[in-house]
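Structure in structure tokens, see below.
For clarity, chains are labelled A, B, C and D in written order, and residue numbers in each chain start from 1.
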Amino acid sequence: MTPMRIAGHEFTSRLILGTGGFPRLGTLDEAIRASGTEMVTVALRRIDAAARGSLVDVLDACGVRVLPNTAGCFTARDAVLTAKLARDAFETEWVKLEVIGDERTLLPDAVELVAAAEQLVDDGFIVLPYTTDDPVLARRLEDVGCAAIMPLGSPIGSGMGINNAYNLRLIREGTALPVILDAGVGTASDAVLAMELGCDAVLCASAISRAEDPVAMARAIRLAIEAGVLARGAGRIPQRRYAEASTQHEGAPE
Amino acid sequence: MTPMRIAGHEFTSRLILGTGGFPRLGTLDEAIRASGTEMVTVALRRIDAAARGSLVDVLDACGVRVLPNTAGCFTARDAVLTAKLARDAFETEWVKLEVIGDERTLLPDAVELVAAAEQLVDDGFIVLPYTTDDPVLARRLEDVGCAAIMPLGSPIGSGMGINNAYNLRLIREGTALPVILDAGVGTASDAVLAMELGCDAVLCASAISRAEDPVAMARAIRLAIEAGVLARGAGRIPQRRYAEASTQHEGAPE
Amino acid sequence: MTPMRIAGHEFTSRLILGTGGFPRLGTLDEAIRASGTEMVTVALRRIDAAARGSLVDVLDACGVRVLPNTAGCFTARDAVLTAKLARDAFETEWVKLEVIGDERTLLPDAVELVAAAEQLVDDGFIVLPYTTDDPVLARRLEDVGCAAIMPLGSPIGSGMGINNAYNLRLIREGTALPVILDAGVGTASDAVLAMELGCDAVLCASAISRAEDPVAMARAIRLAIEAGVLARGAGRIPQRRYAEASTQHEGAPE
Amino acid sequence: MTPMRIAGHEFTSRLILGTGGFPRLGTLDEAIRASGTEMVTVALRRIDAAARGSLVDVLDACGVRVLPNTAGCFTARDAVLTAKLARDAFETEWVKLEVIGDERTLLPDAVELVAAAEQLVDDGFIVLPYTTDDPVLARRLEDVGCAAIMPLGSPIGSGMGINNAYNLRLIREGTALPVILDAGVGTASDAVLAMELGCDAVLCASAISRAEDPVAMARAIRLAIEAGVLARGAGRIPQRRYAEASTQHEGAPE
């Protein structure tokens, strides 16, 4: 696979792993290694300073880049503040920007998201926004200077997969930025489909951390992503309305 | 992956490759190696004796088992006769039984299929029938002594994937035989979905042989199948109607 | 709507109603009137003679034709016997032929179904077979002399709607007989979709009888069927990948 | 059907008709009558003053309310200006607010839409915004004082139907305002599904005006909407994984 570039940084792995929901730190460690990921997200707000310490130790030992996120923020103001705290805590300009608009679905708030993205870009952050599957919003986020587009497939933790493949295709066609599917993945088939639709990467949290066997699922999704990238590059056959025999003429060299 | 057993024979690979439709024999050779397959199907009827020779040489060199098929047969009588000719030509009791009921869709003819399966089993063949996605028909084929069930996802060469996942699940629940998805696969996501639904293997012909890059697609589908097996075994998260945050409590060990 | 012809008999209504599952006979009476149906199915086997009497009184009062069915039969032999008993009991050559192959899904048994259909046609019955959505099987049923094809959308009483619209289209294209969707309808949208796919009629039982308000659902499905027939005849717009403004040129007469 | 109330005004019909795309004014006239609609949208910008005159005559004769729209506007500023011109031209405070973010898909621009809605509500307009299927955006539009929510099913004129039924359900659950499906309807089944999902009304333009027979399609969609409302009220049966016989006990009164 060709590497993916975000803000000038190259990633060989196309899987970003969320660190939430793992039963134990040891399982997280194993899942990171099985997944082959090079970057993991960490919710600044959701972990206390002490726990953060041991978490960071694990991530350091795995040699993965930390992408702090602003999970739990409901306004641009709150998200910007959280991003700044995360910059200090994790010593990185990178931030996965979440501005949530609804508690029950954790769907993004388009208007607050754009406002927060604009402020953070102005302040020198590398901003990767968690967004709806709205192609117009994606272009607006590109216009304000975000480094990638992270649309959802379905709500966080829902495991419903990709509810609107059509919109994901439009986002892919409409932006030169990396497109990273960011929520809804439930299992391997969701990940391969995302890549076939043209996504550059997939972010998984619950699909892996809450699977019965997180390490096996980490490996499954890693393979699924690789399969999807290969399949997209291999030029699939068109869908036909009727059948076509694989061998049609007698005497063909098969 | 645990091996799949068909008629007492163990297969490590869960991909069966059709040999039709490849642009050149050299590409077939490469695709076989990239796919990791251990068994390929060959249409007795569709290749003349001379071409068969060079094809068999390639297959021998790859060390794969040959599964002759009765492609192009429209009656039980014709299929049985073809199976017997194939037994002589390829020196194997194994046969992928196809009895086609319609030229345009190449869909199986349920009634003729059961009749042919019965005769071939009685005559000592190891019968792997290409069938519709009908769970009752699948059980009938098991009852007459077939060695596996090979339901379609959609018509041969159509690339439409799996039209009726529900029926595939019912077939899986209703039989102790290996279930091998046998037609309709267009790309990697179809293959991973088949495995997640509980299939034991996937047969691909056109999806690989007619892709723009058959060798890359062979590798993609190989990985997809492995991803699907792992994902099924890993115990996926349930689908939820609303969101669930990956990290829910402050202070959790992440 | 143009009438539908089955075996030389004209029907203005495109809805056939199952009589099972109604909470009271009075509700059945009202639902028949609300649905506008001209033919209802009755399970000979499932009702005792006494209950049958009062049911027949209701049906007589409504002026609807009775279509006995062979629900609960698992072999051709059993179905043929039941059909003959029904012919005597209801004084009609018409029979909705059901030969079930599985208790849990109530799916048809293709092989037994064809055998039973053949015998009943030979014996002078007007046979309307409940069948899978297999287009090849549908043609075989036409060949043995059935009067209509009654494919399922999904299992009886499941309310899953149409699991494989593609197969229904193939059945429609492949037969000159009336095609009547016979199982799986859960609500009005399933019925309108069936008609848009080219079905000539819809049979509903549980969708109406077990709805919270059977009479309202009877009326809903009646309207849905009419809407579907009209829409199919009206020549729908094609599906486009991108948008098309409804008014494109300034100054157009709108 | 109980009437739908928008801004204190009652509508018996649940179908709003777009006036664009009709081949002739006479067909528009007939389609309005066949549809039973009480309100039609008119694009101020897309028709010149002279044509507008004869159009308004037809609408007057039909006795339908005119809902001017801001089709073709790409900024809040442009949309607000167009709305004001429309108020003068059509002597109504009502406006269907469109602020488009992309020429190829005609998808709404969330940020500009909210800004325009806010200004128009402040200026006394009754604002019905054409929006994406984003539930958070819907609530924001409610918060600024819009009179209804008009989410798309898929792009204008695409005829793809409802791409994301899940999001439509969330919008329905999250607002007390009328929800009117506003784009993507291609045929009757799309309309009945919208109503079953809980929409209060459907707006159709191309689905009717560009059908081969616009008057027949107007009638089809009218019936479909009525069927959907009835079906939703009738309490449909649940979807089951397996079958359920319509009559289960011998001797039951059916």
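Simple rule for what comes next: a contact is a pair of C-beta atoms (placed from the backbone, for glycine too) under 8 Å apart; a residue touches a chain by one contact, two chains touch by 3 or more.
Quick caveat: nothing in here was measured; it's all calculated off a predicted structure.
When every chain is reduced to the mean of its CA atoms, the largest separation from chain C belongs to A. Centre-to-centre, using mean CA coordinates, chain C is 33 Å away from chain D. In whole angstrom, the spacing between the mean C-alpha positions of chain A and chain D is 34.
If you average the Cα atoms of chain B and of chain D, the two centres end up 47 Å apart.
With touch defined as above, residues shared between interfaces to two or more other chains in chain C number as follows: 105, 107, 160. A list of each chain pair in contact follows: A-B, A-D, B-C, C-D. Residue ranges of chain B in contact with chain C, taken from their complex: 101-102, 105, 107-111, 114, 132, 134-137, 139-140, 154, 160, 163-164, 166-167, 170, 174. Those residues of chain B that touch chain A in the shared complex are 18-22, 24-25, 28, 42-43, 45-48, 51, 54-55, 71-72, 104-107, 155-160, 186-189, 191-193, 196, 205-207, 209-214, 216-217, 219-221, 223-224, 226-228, 230-231, 233-254.
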